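Order as written gives the chain letters A, B, C, D, E and F; numbering starts at 1 within each chain.
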Amino acid sequence: MQIFFPKEEGQEIRATILPDVAKKFTDLGIEVVVESNLGSEVFVSDELYVESGATISSSRESSLSTADIVCRINKPDISEISKLKTNSIHISFLDPFNEKDLVNEFSKSNITAISMELVPRITRAQKMDALSSQANLAGYAAVIEASRTLSKSFPMMMTAAGTISPSRVFVIGVGVAGLQAIATAKRLGARVEAFDTRPVVEEQVKSLGAKFVKIDIGETEETEQGYAKELTEEQIKMQQEGMKKICSQSDVVITTAQVFGRPAPRIVTQEMVHSMKPGSVIVDMAVSTGGNVEGSMVDEYVFDNGVTIIGMSNLPGEVAKDASQVYGANLFNMIEEYWDSDSKELKFELSDEVLKGCVITHEGSVVNELVKGNM
Amino acid sequence: MQIFFPKEEGQEIRATILPDVAKKFTDLGIEVVVESNLGSEVFVSDELYVESGATISSSRESSLSTADIVCRINKPDISEISKLKTNSIHISFLDPFNEKDLVNEFSKSNITAISMELVPRITRAQKMDALSSQANLAGYAAVIEASRTLSKSFPMMMTAAGTISPSRVFVIGVGVAGLQAIATAKRLGARVEAFDTRPVVEEQVKSLGAKFVKIDIGETEETEQGYAKELTEEQIKMQQEGMKKICSQSDVVITTAQVFGRPAPRIVTQEMVHSMKPGSVIVDMAVSTGGNVEGSMVDEYVFDNGVTIIGMSNLPGEVAKDASQVYGANLFNMIEEYWDSDSKELKFELSDEVLKGCVITHEGSVVNELVKGNM
Amino acid sequence: MESQIILLIFILVLSIFLGIELITKVPSTLHTPLMSGANAISGITLVGAILSSGSSELITIILGSSAVFFASINVVGGYLVTNRMLGMFKKK
Amino acid sequence: MESQIILLIFILVLSIFLGIELITKVPSTLHTPLMSGANAISGITLVGAILSSGSSELITIILGSSAVFFASINVVGGYLVTNRMLGMFKKK
Amino acid sequence: MDTSLIVNLTYIAASIFFIVGLKMLGSPETARRGNLLSSSGMLLAVVVTLLDQNIIDYRYIAGALLAGSLVGYFAATKVKMTSMPEMVAIFNGFGGIASLLVGSSEYIHSSLNNPALMGAIYLTVLIGGVTFTGSLIAYGKLSEVISGRPFLYKGQQFVNGLLLISILLVGANMLFVQEFITPNQTLILLIVLAFILGVLFVIPIGGADMPVVIALLNSFSGLAACAAGFVITNNVLIVAGALVGASGLILTNIMCKAMNRSLSNVLFSGFGAVSDTSSDSEEDQGEVSPINAQDAYLILEAATSVLIVPGYGMAVAQAQHAVRELGELLEANGAEVKYAIHPVAGRMPGHMNVLLAEANVSYDVLVEPEDVNPIMDTVDVCMVIGANDVVNPDAKDNEGSPIYGMPIIEVDNSKTVFVLKRSMASGFAGIQNPLFFKSNSRMLFGDAKETVSTLVSEFKG
Amino acid sequence: MDTSLIVNLTYIAASIFFIVGLKMLGSPETARRGNLLSSSGMLLAVVVTLLDQNIIDYRYIAGALLAGSLVGYFAATKVKMTSMPEMVAIFNGFGGIASLLVGSSEYIHSSLNNPALMGAIYLTVLIGGVTFTGSLIAYGKLSEVISGRPFLYKGQQFVNGLLLISILLVGANMLFVQEFITPNQTLILLIVLAFILGVLFVIPIGGADMPVVIALLNSFSGLAACAAGFVITNNVLIVAGALVGASGLILTNIMCKAMNRSLSNVLFSGFGAVSDTSSDSEEDQGEVSPINAQDAYLILEAATSVLIVPGYGMAVAQAQHAVRELGELLEANGAEVKYAIHPVAGRMPGHMNVLLAEANVSYDVLVEPEDVNPIMDTVDVCMVIGANDVVNPDAKDNEGSPIYGMPIIEVDNSKTVFVLKRSMASGFAGIQNPLFFKSNSRMLFGDAKETVSTLVSEFKG
């Protein structure tokens, strides 16, 4: 059994795995091949991988064609799919609802494609849940990024030269990333408020010592896995109305609102941006799925009327080392879960609840219900 | 009585005062003139100054020549001194031990020059102590900067995808800036250790919940105002020896060691830098007085063997709004302290302990003992 | 007579232990009223005074009545003062 | 006789109050040994047994000696068992 | 001074010994010395009684004393630690029968027309008899000679009523009337009725409640001795008997409270049980055992290794500061304290870390499940603070469980588990937790912050 | 039933009332009802005594009773609140003289050769007499009729020795010898000596210690009543007297402990004082008043506004968590709690903010000196926790001080100031703090964390 980790392309700083995790794979008896320079962005040299039992591949093409499993972080270039060994497994984020061509290509090439974003949000699968592990770090990075950009200190300081008031941070959307953002901002000493459409979140926000903002938007719903359902247009209006005042008083606004399988809701309007104090900072963590903030742009700092809108699509990359570590661990946990150490093979049963959720294509056809429905 | 605030030049982001403080001056009956665009970098428009009772000057030359007091943050261009009204007061950081020409020029031009860095470190003068107020914010900014640069998260996180270990932060030199750096790093969840040559600091470090590293370097001394005295060469060696191991285990090293009136001690050698893990970060807060770290450069990120050495000379500028606010408050506290509201004049008595410390030149001669001794 | 004294001593001993057990860990705000209340109880000597003044001899009448007089000051005054003091403890 | 009974009742009342005061807020680990220790004390009936068996009549001797027998089991066994239980409480 | 004075003064001294001894028995540090003191008091009282009384024949007394002491000695020293409670029960029964015998012996000699004396004898015999058979039944239940289950039958109330009326009638006859039957018949009838009452009193009560019953019977045997004291006008019997009677009653009450039940509930719950149909659904999970903070404290106080397992509930309660304080106190008390952090505890990754860091818990004492599970059986107490799913043994034992396969913190392998939560509600995964029903689990119900704070106060004394 | 039985049963009831009443007096919630209960007991006892005894002439008794009650009533209701302690003293003295009179009256009738009775009378008269004059002196000192200063003279010990020997001799004569002087002379001599002893006993003790002395004298008057009980063989006197005697002694002890002194130190410190030369250097600053946590708790418990002033000491002690907990408890108790943060408190700008944020103290309750100084006089209690320079009144009052001119938190204007620190050591500026010597300041010595934790425990009961 051979597993191959190609180096990520483009702006990606994260590495798919780090040597520690590679070691765990080899301990299982799996042959690990990493593309040369896989860890260079996180200061991990090829030698370290070799030390952990991996081999270095300098030819991506050949490794792709021999590996039984290929793992990446980001979706592959569509042209590379055909180079994979048939019936091999490909694991990465895939964005399957938008990347229909990619999905078709996978099924055509007889590849078992696993989409990391579709690992179900159940207690048992949490160790493989890369969406969570990355969102968590993204929440942390968002606050660090905001604190660096803001020309104020987060904590209150009562000093001989007067009192420096604490910054006010408003977190909109409190999933995994939002919670970590709240925690980090609280730690730094900010006054933190948060809002989410799901009512259960209130208790969670309070469990971190922050304040939950109550906005009456009528009934809201939650999926079985705890994802939020989309709001009606009217509800979005009510929400915006309710949040306007808080935004205008805040020094930092962090938005993380996502709706599973749909573009992110537009929550912060330009009007709201303009009502904020000059020098304030907005971090739009949903920028890559369309953005919660009007005017935010992917991977750009937008200056609008003195307000900085940060639209970094790869926030986990800001803490790339940790992000790489946990992503690799997610992969390992998934493979180990289905690894049969006797036959040295993966035991893939599509009836398994987790696999049912995240396997997209298998033996030439699209098997995932959700994705199929979306095609 | 007229007081003029010229706009800072060059890279400076901070503004000498903010409208709030300007208002306090006008309330005292002092006429406040600010140069146009004074607050533009901190998103404060000229109108806001006008609202607080100030007038905007678009001609620096004329304002310099009419003002009774001129206040800045950084030392003035030597060419501007002659343009000042005779017997007027000039307040700013001056670096008087190094800027001998500047001092001479002040005394020649019959200007009363006050050096902000020489405000004595006594309880009563703390409200005018800009060195403290800025160092405090610099300590905060240093940690934020380091956290952004580091590709790891500061806090420990025990997650389903494995445990993210906390970053180790080592603070060398625990004055005002060092203490705030410790506090901020602790807040963010790092493991913090600190070292200083002054033994009283141990209790202070512990009072922030951090660990003090004990290194035996024999007797050390402290001036009356609590500044450290310079170490012998041998002591520096012992210190470096003791710190090497801790540095090599640390993810972040922050150095703040200063010796009053002398270049900063060279504490972290290149060898120590190289012993650190790739990806680690060093913030050299003493970079503008010569640097504690071998290889650090003013206002540059130096990459040495995977280690980033941050040498920002204007860390308070990272939180420019707060830094401007407290600097302005320091100025106001100083002027108010000596303001006679009946005669609407400053009552300057050079016998006053604070003024004795910080007035450099007065009525045509260098009056400060320390500076005189240094000329 | 003697067996009666034994019993009285028994009673004395038991009362002393009981007295000790009763007053444990009183908050110090209550020290004064407690003292005052106990003082009123010690006015029980009034019973003795009444008994001993029930005579026809002049000297005992004088002694007895004075005893009654003083003891009743102690009793009445003691309880009332205690009550007033305790009145101050009512929660605002 | 009657005045003696009065005194005995007095003693009874005081003892009951004292008993109540003594056992307040015992930690529950001590419940069993405390019960056992009190049980041994209740073997004091041994004294009564001895007194009443000091007769020459056969029936009282029988009754009395059996009483002594049982009561002494209660006393000796009770104290020893209590002691053993308390031995377990020694701090490791 | 005559001997009677000496005897009486000695009795006073003995009483003082009993009083102080009983006081000292109430606190762990002094309990042993207290027992010694009280036994010295007893020795004093016995010796002085032997010395002085106009006893005609010492032989029988000495023989009985020796025989009884030997039996007591062997019974007390040879018994297994675990059978101590039943030993106490049977000793207590012997005390009761002794009082009964003393009362009977006096009855034979006394003039029958002294109602006060008759009343005293009546009470002595009645209470002594009830104590005797009641204690025997309690002994039987505890040693499982008799089934520990509550013994219930139809018509129980009727039989009890009849019995009580008979006892009252015999009493009235004995005190005031003295007719219908001979004095000896009266006595024997009274004894028989007392015996029956003792049996019927204890038999309907379940084995688990026996400790309370024994405490109550103990109080009775004190009262019997006290009554015997009135019969023979002996102070020390009155004082010691009353002390035991009163303190026993209080103790009974305290024990009931510790079990979270009222005395009447303990004594009479058996009656109600007849009409109850046992609900099987509950049964197969077993019952949870709640514990109160005071008792939990005593267990913690004796623990040498404590593992704290925080969960989402700790966050909701914002109990982290109190938890840290408790941890520090436990350490100061000599215990080794660790915090086991499950990777998914809470509602976000690192949730517990944020809170514990805020509360200044050192990173060094945080451990992960895989470090602590292998040595779990050496842990004295696991404190599960508002965690649920992450300690659910179903994850390893129950293949059908939705969380089957998730590694958990295996607190069920430790010696004692305290589960701090507000109710029996389930956690995030919405599934029941069999941990709560295990025999080594104790539920500490209530808001986690309040519960932990109470424990902290207990530690501070 | 004859009247004597009724009387005696009533006495038993009265005793129970006293016992329960005394118990209830020990806790704030029940104290008032306890006093009522105990007074009902007294009424019972008095009424039943009046009813039954073969009293020949009621007139004098009634007159004396009425007169005494009226005096007692007016004295108790008209006195100012502040003079209550001296009232208690004088009432107590009257109890003592009453016992003395009862003893004397019995003495006149008794057969002299009954040593037990003589002993009882001797004790009654002696203790009653000491109680009487002792209480009068205590009254005088408290109401400042007599100087409150310890009255000391050379040869005091000698005089005291002489007095004690005389008293013992009179006693021996009275009990066993009955010679040298007539019985009446003996009695008068005894009374005189007792009076002198009472005066000499109390006069050397300082006014501040008077409460303890009164408690002790109160215990004495109980013992006198108890002794009188033996004289007239009356149970209720014995029970009530012994109760008061014993509980008074315990109370005296508790009060000494609350003052952090031993009883012997209170009673005999006067003697030592003679040789001491007063040290003036200390004098001009005045004395600091320490307070213990228990008393501080009681003051806090009654406070409706509390201002917490943290300083570097709080940081050193890492007391922030405990402080927050205390703050929460105070708020739960109905007080308004604010934290006054001085700009230079601690050793770095914002030092207090870091710690308080860590402990989760809300930003909303932090106030600055200029906000709180103007309303300082409405603050009930300021808790200065390890701060020193930032509350030093020299900064506003003393031009010569190196910190003159610095704005401070003017805690000295509040009603009560608690200063929590470990010693009298100075702060960063190295200067003495006159705040500590102000009359409204109380020093709570000890590590701040421990002290605050103790207060927290007090609040939790």
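The definition used in the following text is that a residue touches a chain if its C-beta (ideal position, glycine included) is under 8 Å from a C-beta of that chain, and two chains touch if they have at least 3 such contacts.
The shown structure was predicted, so the numbers you read here are calculated from the model rather than taken from an experiment.
Taking the definition of touch as given, a chain qualifies here only if it contacts chain B and chain C alike; those chains are E, F. By count of C-beta pairs in contact, D-E exceeds the other of the chain pairs D-E and D-F. Taking each chain's centre as the mean of its C-alpha atoms, the one that lies farthest from the centre of chain D is B.
Of all chains, the one whose mean C-alpha position sits at the greatest distance from that of chain C is A. Chain A and chain F, compared by their mean Cα positions, are separated by 69 Å.
Chain centres here are Cα averages; for chain A and chain D they lie 75 Å apart. With centres defined as mean CA coordinates, chain C is found 81 Å away from chain A.
Here the spacing of chain B and chain F, counted between their Cα centres, is 57 Å.
Of all residues in chain D, those that touch two or more other chains are 3-4, 7-8, 10-11, 14-15, 17-18, 21-22. Among all residues of chain B, those that touch two or more other chains are 126-127, 132-133, 136, 155, 157, 159-162, 164, 187, 189, 209. The set of chain E residues touching two or more other chains comprises 19, 23, 235, 239, 318, 343-344, 349-350, 354, 357-358, 360. Those chain pairs judged to touch are A-B, A-E, A-F, B-E, B-F, C-D, C-E, C-F, D-E, D-F, E-F. Residue ranges on chain F touching chain D, taken from their complex, read 4-5, 8-9, 11-12, 15-16, 19, 23, 235, 239. Within the complex formed with chain E, the chain C residues making contact are 2-3, 6-7, 9-10, 13-14, 17, 21. Those residues of chain F lying in contact with chain A across their complex are 341-344, 349-350, 352-354, 357, 360, 363, 366, 368.
Only residues 3-4, 7-8, 10-11, 14-15, 17-18, 21-22 of chain C touch chain D when the two sit together in their complex.
Touching chain C in their complex are the following residues of chain F: 18-19, 21-23, 25-28, 31-32, 34-36, 38-39, 42, 45-46, 49-50, 53-57, 60-61, 63-65, 67-69, 71-73, 75-77, 79, 81, 84-85, 87-88, 91-92, 94-95, 97-99, 101-102, 104-106, 108-109, 116, 211, 214-215, 218-219, 221-222, 224-226, 228-251, 254-255, 258, 294-295, 298, 302, 304.
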